[in-house]
Structure formats: structure tokens, C-alpha cells
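The same chain A turns up in both complexes below, where it pairs with chain B and then with chain C.
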Partner chain A sequence: MTTLLQVNHLNMRFGGVVALNDCNFQVEKNSITALIGPNGAGKTTAFNCITGFYRANQGQLHFFPPNRPSVNLIQLLGQPFTWTDPIHPRRTLKKLGYKLFGGPHRIARAGIARTFQNVRLFKEMTVLENLLVAQHRQLVGHFLSGILNAKNFRKAENNALDHAMKWLAFFQLTTEANRLAGQLPYGHQRRVEIARALCTDPILLCLDEPAAGLNPQETKALSQLIRRLQKELHLTILLIEHDIGLVMELSDHVIVLDYGEVIAQGPPAAVQQNQKVLEAYLG
Partner chain B sequence: MKTFILQPLTTATLVLILTTPISGLVLNGYDFNLKWQPPLLLALTAFFLHLGLMILNRRTTQKKSASSQKTSHHPAWPRLATILLPLLGLILPFLLGKYWLTIAILALIYILLGLGLNIVVGLAGMLDLGFVAFYAVGAYGFALGQEYLGLSFWAAIPLGAVLAATFGVILGFPVLRMHGDYLAIVTLGFGEIIRLVLNNWITFTGGPNGVRVDFPTLFGLEFSRHAKQGGTPLHEFLGIDYSSNHRYLFLYLTLFLVVLATIFLITRLKRMPLGRAWEALREDETACRSLGINHVTVKLSAFALGAMTGGIGGVFFAVSQGFVNPTSFTFHESALILAIVVLGGLGSIPGVISAAIIVTVLPELLRDFSDYRILIFGLAMVGMMIWRPQGLVRTTRPVFQGL
Partner chain C sequence: MELAILAQQTLNGLILGATYGLIAIGYTMVYGIIGMINFAHGEIYMVSAYVTAIFLAVLHYFGLANVPLMLLAVLLATMFVTALYGWFLERIAYRPLRGSTRLAPLITAIGLSLILQNYVRLSQGARSQGIPSLLQGSFAITLGNDERLVQITYVQTLIIIVAFLSMAILTVIMHHTSLGRACRATEQDRIMASLLGIDTDRIIATVFVIGAAMAAIAGVLVTLNYGSFDFHIGFVTGIKAFTAAVLGGIGSLPGAMLGGLVLGLSESFFSGFVNADYKDVFAFSLLVLVLIFRPSGFLGHPQVVKV
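Presenting the complex of A and B:
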């Protein structure tokens, strides 16, 4: 087993509220790792730190994509300048570069895709357009040929469409391709959001409560799809979930958060027996 | 088919009844005369507008049903319209008198401005209340460039565009993190700053007195009766009688080509990654960033392209007036352009075009009623918000077939 994501001493405060307190965990490559815990435990905050929407107050986040150099996720967000900077001009220049062009989009490009707890689709656009926006990076280079509608633009565009249709087929959404995303039923919207995240060709897929608001059949179907993503497409999945049944059935590794602290982690069966976890959930 | 005649006919009759007392009656002492042309013209315009809108909207519904049936059903007329309408626009100036020609030019300028602001507000979803700044930058860029550097009209079009785009980026950068109301206030301030600078920097811009602008030449041909700028007058070159219409014809046709090019560009952009990213940014910025899209470049490109279009509009405005001064660039103008975009339907190109035409042509037809122009305008806006909040023309989403 190799580590894909390493989280060390992660701290996140909002004023007086300590949302994350010295969190340490790691996500193994090609695993399904679940992040669980009571409401307000800091799960979404941990996601936001990993994907760069929040800047952690302290701690390190390292991402180890296979066959590529490792990435310091916090550096990608652009760190504040310090008084020692003038001594290291090269490092300072790099910092300036990240300050100007850094941000969560750089983390997405590094190979971490995510969905949101409250679905965030482009509601006034069609499902296919949603998935095409996710492939912006692959297409945006063809500017002039795009204006002229030249051959290589059409080819790139068709490739992107094929890619999008592949994921729609995977999530059984082919018939919805040309509908407005905002008009879909909630369960479909959730799947479209996952399909959209997958269109960015991620290495690590982070799902924030993917089964929230789904009925039991939909939840079951979703868990099978997530399993297939791991088994057939060799993706690594980090998910937040409330449905304990789903977590126990699906995950290889469970991390339990309570009041911003990791109170237990390990295989699902072991975590289920853990005294602290039982207390956190019952008491 | 019958409704396609009946409904517009009802509208036309209503317009006739409503506007005859306003635009047809001319007081003459204690008596009055009845003029039939203006109300009839208005009714006719209403008829065709309604017809056009019905056809446009039918197309969108057809597209919707087509997408659910997955059968490609292309009505022949949209392609026909894309050929016929430009042709009509090309023939039109030869049928118009000088007065209407100047109004047509103004309408084209507003179409250009509307298209530019449509990128920023309609597509990228950033409420810009200071769009007139870029218009002013284009107009003054040309006027001052000519005064101090001897800049020619043909060089001013690209240079004005670049200058305005630069200003767009300069404005865009500090407001990257702002949304909604805050963005609106800052852009409003930016528009006022530009106007105040133009008004008060008297040694450079001439202040309220403005700057004179020479009419351009075409390959050394001049449009005046006698050569003033060292070329040959056009009418002598062609061996025809002098007519003051020539210069307006020239201006109209040049502007028309520029508008066509802009429409083409924006239509393409809407189907390209950049255009899609603009719309995605309008829908949800956070989601955009989670997909690896750099919101900075996307936003700045929208500001720059919108400003560029506004700047080109400004260059043409300066030429058509032969003179620029700061009173042409007040907040009122920004509001008017924004009204065009909202009235037309945010993001819709045919919508912006028809709204720009309505907003420029209608006041001319209702000249005698000009005291109430703003009132009517306000009522029209309120009515739109109630009955057609999505604007005159609904935006259509691209449908991908055969997948």
C-alpha cells in the first residue's frame, strides 16, 4: 500500500471555534476511505482544507500522485510573505507566483476532485455543458481554432463530448444529457455532480455526503457505483458519510472525527467496536 | 399558423389605439391635425416585433422537444434569417434619409455596447454599472489620439479596443473578489471617476468643451464637399453629385461590418470553453474553482472583451458626432446600456439586438411625447419584470445531437 494523501497536524480555527485540532491521517492509494463523525465534527472543514477552499492555520498536506512529483497542497494556495523572504529570492519568486495564480483550482489540477455537501451544479446549463466545463483545461488551448471552428477544435470538442457521455453512461444519465441541470430530480443532480468531478480525470475523488437525501434504492445503486470506481477504474475515494451502514459496507478505512479531533481510525469492524466512537455517537 | 398572424395583429391594433393620441395628434392652436404616419409605423413595428419574437421563441420550444425526442428537426428558417437579416441591414441605409440614417448608426452603436455589456453582465454574471467608462475611453482615446498624435480612424479602432481592454483589466483586477451589490457600486464609481477626470483635466482633455474629431477618410478619399485633409473628395472620384448622406452611409456600413464581426465572435465564444466558463462562473464560482478553472483569467477575459467592444463603440460614437465631451458619458448612459441587456434577456444576442433597436428607435417615433420618455421606459421595465422576467428573447442552450 502506498500513501496518496498525507495529512499532518492539521489545525483550522474560525475565530474562537476550533474546527480541526491536530488532525493526522492518510489516504491509501486505491482505497475507499470514509470520514465520519457527528454533525459539526469538522468533516466538511477537513475537505475544504484538503481541496484548498480554506487555508489551514497549521499543518501539512502532501499529495503523492503516482508517476508524478509530490505536491505540497498548502503551497499551491500561496503562502503569506515573511520577513526572511528577501534572503531567498528564488523561493520568494515562487511564492509570488503562487500568490498570483494559486488557489483551489491548482489543487483540482493536481488531481483532487470534489463534490459538495449541498449540490453545486451550474443550474442554468445543460448536464452535458456541466461536464464540458469540467474539461475546460483540455479545451481552452484551442482559442483561435475555436473562433474559426477549425478541425482540431472540433476534434477536441468531440473528444470532450465522448468523455462526458462515457461518464453519463456510467451513471445512467444518458437520457438527461441535454436537460438543464437545475431541472433534474435531486438524486440525479447528485450523480451529475459526481460525473462532473470525474470529468476532470482526478486521482483522488472526495465526496461530501454523496448519499444525503437519496432514498434506500438510490443509496444502494450509488454505493455500487462507488465500488466500481475503485475496482474497475482504480480511483481513490475519500468520502464523508452519515449512513453508517453504507460506510461499513463500502469503506476499507474509517476515520472518526469528533470536535475536530481524530478519535479513532482503522478498518470498519475495529472502529465499530471502539469505545470512544460509541460514546461520541451515543452520548 | 393562424395564431402567428392573429396575435401580432392584436398587438398592432392595440399599439395603434394607444399611440395615435400620443404620436398622431398635433396641436395647432385650439385645433389639432391628425398625422397617420407615426402611429402606423409604430403599429407595423410592433407587428413585426411580435411576429419575430414568436418565431424566435417557437424555435426554442422546438429545440426542447427535439432534445427529448432525440430527433434532429432543423427548421429551415433560422439559417435563412442569418442570411436575410444581414442583407436587410446592408440594404437598409440606402432606403433611409439622413435623419433616420443617423438614428440607425446610433442603434448600431448601442447594439455594440449592448453586446459588450452582455458579456460581462449576461454571460459572466458580474453586475457592471460603469460600462460607460469603456465607451468614454474608446471615444476619448480616438479624439485625443487624433489631436495629439494624429491617429487615424482605422488605427483607432484596434487601438481603442486595446486601450479599453486594458482599462477593463485595470478595473477587473481589484474587483475580482467582489460580487453583486459591492461590485455594482465599485464599477459605478469607476465610471464616474473616468467622467470626472475627463471633465476636470482641462489642459489635456479640453474639459467640458470637449474635443473635435475629424471625419475619417477611406483610402485617401474624403467625404466632404471640398478636400480639406489633402485627399480627393469621394463624389469627385466617383463622378457623382455631392451628398451629405455619403459620410453617414460610409459610417453605417463600416459599423455594420464591425457589429457583424462582433456578433460572430460572441456567438462562437458562447460555444467555446471560454464562453462556457463565463456562464459557469455566473452560476457558481466555487464549483468552477473545484473543477480547476482559474476564476481570475476567466473574469478578466470577460471584463477585457466586454470593455473592448465598448471601446470600439466609443470610437464610432466619436466619429458619428464629430465631437466628444463628458456629458455623453454619464451614469444615465450606463443605465441605458444595462437596460438594453436586461430588456433583451441576459445573455441572448438576438435579445440584445432587438432591445437596442427598440431603445433607440422608439424614442424617435415618440418625439412629441419626449417628456414622458423616461416614464414610459420605467413602465416598460416594470412590465417586463412582471411578464417576461427572462427578457424579450429567451436564451437557448446548445443541444448536442446524435450522441
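Presenting the complex of A and C:
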């Protein structure tokens, strides 16, 4: 197995509150890795750092996409200048480049997509438009060719449409394509959000509590879908989940966080027996 | 007789309203995407009038005599230069303030508006400038067996055609292209859009560019129609266009166009039938009334597709 994401000494503070304290873990390629822990353990913060929603205070997030050079995700967001910069002019130039052109969109383009605990769809757009927005960078989004409706533009647009319809079919949402996303039932919205994340062609898919608010049947269907994404499409999946049953059944590797620190990691069966984990959960 | 006046005032109102609508698009799109009133937008319109005159002079110097070709070249060149102004303002003045308090970009916008006015005054002089009229002549339409005519000049015809065409093109861009979808997505949830790989800073810059280009179209058309301008025209026109954007529901693209037309028509009817001196009073009273009875404007309710 090869590592896809290597998290080294990740620190995140909000004022005086330490949300993540020296976190170290890794995500293997083509695995399902679960991040669990009691409320307030820092799971969502870790997620936000990985996906570029926050910029971590310290540490490295090395991402090793296949067939592409590895990147430090924190660098992509643009780091502040420090007093040692004049000694390393090349590094400083790179930093300036990321300051001007970096941002969360660079992380998405590197191949990381996410969903949110509380669904964040574009509610006033149709389901299909939501999926097309996610393919913005693949489209030849050229302004003039858009006006002239040039041939290339048409072709790219049709490809994007096919891609979106493929994912809608995968999630059995084809009939909902032209409804406004905000009008769909909650369970459907969750699936649209995963489909939208998949439309960005990710390598690593991060799911924040995908089963929250779903009934047992829907949860079961969801776990089958996640399994299919890993098996058939060779995606790597990182998920936060409170439903321990789902975690044990689905994941290959479990990371347990408590008070911003990794207290245990390993295969689900081993983690279940871990004394520290039992203490963290039962107090 | 009454009918002829009514028709003539409707026509004048449509022309006025179309230009208000074009400028209002810039206010409403910028508000929709970053929640800020760009008070320097009126000045962008003013700059475009000067750019029009400069390009006309340049083309004349090089001996271009074909009027339609000249108009097209001036329109495109002015749109380009004015769009550069819009892009530049966003890049140097508003982007560094992204993430600060809401008031900071607003005050910056007022400052920019003063800077642009005085920059033009210094470089082009404070006196009113003018261009010769390029398109002379008019259509005359008789209504019934009345000897009074409804007159529509060629320039006015051009204004109506170009204004409505550009509004239609913009609507198509916003609804059927990848750029338009990205704009709407950025407007609804900027962070989510960037997490999906959209460079939201670039989209915001594009919105400023589109707004400035639309103001430039209005600037070219109005300059061709009236022929004279000075460094101060951006203020009143900007305030009127802002009123139009609020009337239509700020943040809503069709609302800005509708608001512009309503404002233009009501101003024109008021000055035709009641009193021409008080038309501004009437326009702003209309705004007050709309804000009292329908604070979100005509199309400003949440279901509307806003940009």
C-alpha cells in the first residue's frame, strides 16, 4: 500500500483553544479511512485543514496524487511571510505565487473533494447545475467562446453534461435532474452533495458525517455506495462518522481523535479493543 | 394630441430606462457577489464617455469615414478600456479589503469615486466636452390622421437595439454558460464554490469587468445621443442607476433591467405631463415609496435567480 495523504505535526488553534495538537496520521491509497472520536475531539477541524477550509497554524499536509508531483496542501493556501524569507529567494517567490494565485480552489484542483455535515448545496440552482458547477475547471470556460457558442465550448459542455448524468444515474437521481436543489428531500440532497463532490474528479473524497440524519435503510444503501466508490472507481475515502456500526463495517483503517490528539489508530477490530479509546468514549 | 405625447414620452422613457438599466447591472451584480455597493461605478460610466470621445477622435484622425464601422469599433474599444478600469479598481482597491468589515470597501468606493472624478478633471479639464453628432436624421411615425408626429432619431433607435441586445446576451451568459453558473454559485456560497475548484477571486474580478463593460455600453450610447459630457456626469447618473437597482431588487439581474425601465418611464412621464423640473424629486419619491411598501424591490424575493 502507498500513502496518499501524510499528516505531520498538524496544529490548529483558535485564539487560546487548541483544536488540534500535533496530529500525525496517514491515509493509504484506495482505502476507506474513518476519523472518529467524541464530540469536540477535532475531527471536523482536521477535515477543514485538509480540504482548505482553514489554514493550519503549523505542520505539513503532504498529498501524493498518482502520476503527479506531490504537494504540501498548506502551501497551496498561501502562507504568511516570515523573517527568514530573504535568505531563500526561490522559496519566497513560490510563496508569493501562492499568495497571489493560491486558495482553497487549488486544493480542489489537486484532487480533494469534500461534503459537509450540514448539506451545502447551491439551493437556488437545479441539481444538474450543481453538478456542472463542480466541473467548471474542466470546461473550456473561455468567455468569448461562451458568447459565440463555439464548437469547442459546445463539446466541452456536452461532455460535462454526460459526466453529470453518469453520476446522477449512479446515485439514482436522474429523475431529479431539473429540480431546484433546495426543494429535494434531505436524503436526496445528501446524495446530490456526494455526486457534486465526485464531479470534481477527486482522488481523495472526504465525507463529513455522511449518514447523519438518515434512517437505517438509507444508511445501509449509503454504505454500499461508498463501498462501490472504493471498489469500482478506486477512490480513496476519508470519512467522519458517529455511527460506530457503519464505521466498523465499512472502514479499513480507523483513526481516533480525542482533545485534538490522535489516541489510537489501526484496523477497526484492534481499535475497538483499545483501552484508551474505551476510556475516551465512556469517560 | 395626447396620444402623440404619450407615445413620444414612452419612447423617451424607454431610452432613458435602458441606459439606467445597463448601469444598474453593474451595481446589482457586484452587490450580489460580494454584498458591497460599488459607489465608484457611476464614475466608470463617466470615464467611458471620455474614452468614447478619445477613440472617436483617434479614428477620425486616421481617416475612418464609415460611420457604422466607426461606431462598432468605438463601442468595442470603449468596452475594453472601461472593463480594464473595472478590473483594476477591483484588483487594487477591493480585493485587499476582502474579509475586512463591510464598511471598509464601501468607504473605499466613495474615495475611489472622488479620485476618478478628480483624475479626469485634472487630465481632461473641468469644462464640458463634446463630440459632433455622427448619426443625423430620424424616423417619423404618424399616429392616425393627426398631423403631430412621434419622432425617433437614428441614435435613439440604436440605443434601444444595442441596450436590449446586450441585456439579452448577458442573460444568456448568466444562465447557459459555465462562467454564468460559476458566478451564480459564487454568489450563493463563495466558500463552497472555491472548495469545488472555482477561483472565486477571478469570478469576482469577472463580475466587475462585466459591470464596467455594461456601463461602457451605456456611456457610448448616451454620449452619441447627447454629445456633451463633463467630469461630473457620473454622480447623478450613478445615483439614478443605483436607485433603479434598488427598485428592481438589488442582487437580481432581471430586477436591475426592470428597475431601470420603470425609473426611466416614470421620470419621462412625470416630466412630460406634470413638471420637468421636479422629475428627480419624483424619481426618488418613487424609491421611498417602493422601499416602504416593498423593501426588497420588485424582483428581490429569495426565489428569484440572483446575480
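General remarks:
In this section, the second predicted complex is superposed on the first by the 280 of 283 C-alpha atoms of A that agree within 3 Å, B and C clash if a C-alpha of one lies under 4 Å from a C-alpha of the other, contacts with A are read in each partner's own complex, and residues count from 1 in each chain.
Everything that follows uses one rule, which is that a residue touches a chain if its C-beta (ideal position, glycine included) is under 8 Å from a C-beta of that chain, and two chains touch if they have at least 3 such contacts.
In this text the structure is predicted, and so the values were computed from the model without any measurement.
Overlay on chain A: chain B and chain C clash in the combined arrangement.
Once the two complexes are overlaid on the shared chain, A:123 sits against chain B and chain C alike.
Of the two partner chains, chain B is the only one touched by A:165; chain C is not.
Touch criterion met: A:177 reaches chain B, while chain C stays clear of it. In the superposed three-chain model, the partner touching more residues of chain A is B, compared with the other of chain B and chain C. In the superposition on chain A, A:96 contacts neither chain B nor chain C. Put simply, chain A uses residues 51, 53, 101, 103-105, 108-109, 113-114, 116, 120, 122-125, 129, 132-137, 139, 143, 146-147, 153, 196-197, 200 to touch chain B in one complex and chain C in the other. Across the complex, chain A meets chain B through its residues 51, 53, 101, 103-106, 108-109, 113-114, 116, 120-126, 128-130, 132-137, 139-140, 142-143, 146-147, 149, 153, 161, 165, 174, 177-180, 196-197, 199-200.
In the complex of the two chains, the chain B residues touching chain A come out as 67, 265, 268-269, 272-274, 276-277, 279-280, 283-284, 286-296, 397-400, 403.
Within the complex, the chain C residues that touch chain A are 169, 173, 177-182, 184-185, 188-189, 191-201, 206, 302-303, 305-306. Listing the residues of chain A that touch chain C in their complex gives 51-53, 101, 103-105, 107-109, 113-114, 116, 120, 122-125, 129, 132-137, 139, 141, 143, 146-147, 153, 156-157, 160, 196-197, 200.
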